[in-house]
Amino acid sequence: MRHTLSALGLILLAGPLAATSAMADTFRFTAIPDEDESRLVERFTKVADYLEEQLGVDVEYVPVKSYGAAVTAFRNNQVQLAWFGGLSGVQARRLVPDSVALAQGAEDAAFTSYFIAHDSTGLESGDELPDAVEGMTFTFGAKTSTSGRLMPEHYLRQRFGADPEETFSRVGFSGDHSRTIALVEAGTYDIGAVNFSVWDAAVEDGRVDTDKVQIIWTTPSYPDYQWTLRGDADERFGDGFTDDVRQVLLDMTDPELLASFPRSGFIPADNSMYAPIEEVAENLGLVR
Amino acid sequence: MSLKYGDRYPGLLRGTGIGARLARHSLTLLAITLLLMPLADLHVLSRDPWAELGRIAQGLLMPHFGSIDAPFKALGLTVSVALWGTLAGVVLGFPLALLFSRSRLVRAGCAFVRAIHELFWALLFLQIFGLSALTALAALAIPYAGIFAKVYAEILESTPSAADDALPQGTGRLSRFLYCELPLAFGQLAAYTRYRFECGLRASVLLGFVGLPTLGFQLESAFREGRYFEAGAVMWLFYALIASLPWWAHRRLLLPLTLGSLLLLGPWPQIDGALLWRFLSTDIWPAPLLSGDLPGLVAWARDIPELLPAIGNTLLLGLLGTAGSLVIAMLLWPLASRHFGNRLTRAAGSGLLVFLRSTPELMLAFVFLLLLGPSLLPAWLALALHNGALIAFLVARHADSLEPGMPDLPASGRLAYELLPRVYPGLLALLYYRAEVILRESAILGMLGVATLGYVIDDYFQTLMFDVAFALLLITACLNVLVDALARRLRPRDVTHDDPCLRQEQLSYPR
Amino acid sequence: MTAEVLVELDQESLGYGDQVIIRDVSLSLHAGERVALLGESGVGKSTLLAALRQRLGQQAAWCPQHHGLVGPLSVYLNIYMGRLDQHSALVNLWNLARPLPRAWQEIAELCGPLGLEGMMKRSVSRLSGGQRQRVAIGRALHQQRDIFLGDEPVASVDPHQALGLLEMIDQRHRGSIIALHQRELALTHFDRVWGLADGRLVLDAPSNRLSLADLDALYPSAVASLPESTTVQAQEKSATPEGSLRCHRGRS
């Protein structure tokens, strides 16, 4: 342990030296698309170029792998702006005081999740989840995904009054929405919970064999993805910067840029819209 | 052991000879494994793994290099992190090696830091330094410092003392070290450091799995999203990197490479002192502990529901992995040995072993997981294949160095009477050395969705509950230290070297 | 013998830890005396030499069995190590990077007669067995002590070279004790013979009063006519023809 600490000390000494040379005042942002992470840097660099042009500051895109990493980067001030999911946005705003939700996707005000099932289960689409799902296998998406985990778990608990682990014979986390679809399609899991926009896009592109996997239930709607900016942005980039960023985001109309998220456009949002998400997260013990 | 007139006829597996002892040993291990196997979740969850396997194979055979995002940047960063991480490990580990035999504290500290996997360290440093080069370097340097301290100390201790004894009495400690121990051990120290650098390359790739932009970053998303042509391209890039190691990591290129790669490292973090202090002083400690509320601490611990099953699964997977490695090693080593088969089978066998041992377990497990679903089975397969191949490779090299006394025996006789008795003690020793590594990997495989400790740890990192994550890391480390101690007690004596890849030719075997 | 006594043992038992290897040994080395130490392998010659080395401390130069050299380092550095205690660690460190001019000069002068000329920069691991032997002797000579203690220092050189090396040792020391296997050499080139057998000093006599037959008693297993040892004896005889040794007997 002492060794660890001394090593840490060494690193601490080296750190500030290295830090002085880095990043003067570049505005950094991150985003995880809810599907298709190929050419992540290339696509989001275009978004960065747009922001740079509109805001008049250097803008850089920082690629991240998971919601957790995005929150960490936001908290460490490695990024000042982030495209978060509902839950990760709540986590981030709790960790960084005064940070604000600026805008959400046009689709995010009333977001839903689909419960999808493999054909062999014989489950039919209906107004509520059938009792027959009990004892089957089930997969969420990422562990801190709002549409892939938080809200589906919330509605599952409401419906069956028990932990998902008790309802199903096996509960897994696929890691992301595309994977959830693939796993249910392959029959690895009987049922999965997936973000509606990812499913719709996959069906539209013909990437899903709908003979093998179908929607069996749609959740009620809830707010999801949003842009969140750190509270100290004005201090660092000048008064009115927060409003500028919000406006620039709302003004983003280029379909090529919007396709990276993928959204049809952005609409205003504020922190209070996400109170229901926060409440559910607290109930499930995902934030404290 | 000559069978003298009057020797009693031995019963099955009786006898006090080293052969009988080792056979009993191995069979006990296998028996325990078989006994505990029903407790493990080994279901094949996928209904059609073959179609997926076909797509993966197709991707590997027909990689699409154009689809990789900035391959040279990822490649450069992978190498830089491995190089500087290893170097920092040497700088931290070498002084500790000199204290190693003298200080119990140093030994315990080193055992602790190396018991935690590079990826877990990365998750921890990610919270402090974010997605930066510093996170990557620290994640490699700290466990490697512990490993270097131990292995360097063992190498230095085993240097012949004759030259040291010949020095005039009254020669200072430092002078003795500079003129005797260091030059005599230098070759071995350098060889081990080189091997560790190769491990560092693999670890550096894997850091991409937690989000640092090395090769693994794209590899993980490409595999996860089923873009196997892209994943295949990254895999080939990785194999090319490992295979060309002797050329680009040549002794003469090392200095320019080291200095040049410094430029590729980055980004460097801005360190927020307050945040760092909060993390170290508050975030990682349970709140009841900090307020001195003991009953609260018990309640806090009870709130970690998955703890005991996760520990059980980790130990079980470690055991399964160890036994599986034994079986795989026994099956595979003759394939690559000059004593069996023809040139074609040997080339194929060696190729298979090199392929399996250069692919990190995590990567293998990741692919098997896609195929079979998240039970312990894919993790078991990955551990057994990777470690089994690694051991088989070394055993085959050892067997190649042996001259059979009766070369005309049929292959089976050569195996059973000439070679196996000579290589088996070494094989078993390597297996027990490897047991610690296998357990470490068992824990980390949880990050892929297998229900071991890594799964729970990742869970709590994702939900930003660092106190629980940190406590679980401590538990993981303690398990590892315990298993290491157990394995050391069990392993055949006289086989002295710590790391299986260390000094391949120099394995010494019991007489 | 009235010469000054350089070192003396009186009824002492020697060994490591609790294990006694030589019992009740009494002996003394006088100034100007050359002693050959004989006995079978494993009888305790090295133990006795180690004990004497301990006793003599800074007076004794030491040339161990199997040379005890550092293979990766150069001939120069290996010989320099004889005086490693005379310099500070910092100087020694500097010397690794760049030889000290004075030490270089001294060692070059030593290397000439040792037959190591032009090899000072070569690493010891690339030398032949005989050359290594001479490096090990060179290191002991470089120590510049009164008494030379050698554990088979001429085992891996040919008889002619052995004589030259023993000559060099004689010239630079006031006394010497050298463990040997060549019995003829012990008679021709030494003043006194100490013989060890069965954990005791069984022979302590001037060499001119001894014959080869007397020395044979020290090698009981050789006398037991085992085939290997007879061939060794035969080799020894053919390798050291008595005629060529005679003329070197005694000091000039």
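Order as written gives the chain letters A, B and C; numbering starts at 1 within each chain.
The rule we apply is simple: contacts are C-beta pairs under 8 Å (C-beta built on N, C-alpha and C of every residue); 3 or more make two chains touch, one makes a residue touch a chain.
Worth saying up front: this structure is predicted, and the values here are computed from it rather than measured.
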Just list the two chains that share the greatest number of C-beta contact pairs.
A-B
Among the chains, which has its CA centre at the largest distance from chain A's?
C
Rounded to the nearest Å, the gap separating the Cα centres of chain A and chain C is 80
Separation of the C-alpha centres, chain B versus chain C, in whole Å, is 49
Per the centroid of Cα atoms for each chain, what is the distance between chain A and chain B, given in Å?
33
Under the definition above, what is the set of chain B residues touching chain C in their complex?
162-172, 174-176, 178-180, 183-184, 186-187
Within the complex, chain B is touched by chain A residues 1-4, 7, 10-12, 14-16, 18-19, 21-23, 35-42, 62-69, 71-73, 75-78, 91, 95, 118, 120, 137, 142-144, 170, 172-176, 178-179, 182-183, 186-189, 286-288
Residues of chain B that touch chain A when the two form their complex:
45-48, 51-52, 67, 69-70, 92, 96, 105-106, 109-110, 112-113, 126-132, 134, 138, 141-142, 145-146, 208-211, 213, 217, 220-222, 224-227, 230, 266-272, 275-276, 373-374, 449, 458-459, 461-465
Under the touch definition given earlier, write down the residues of chain C that touch chain B in their complex.
57-58, 62-64, 66-73, 77, 81-85, 87-89, 92-93, 96, 136, 139, 143
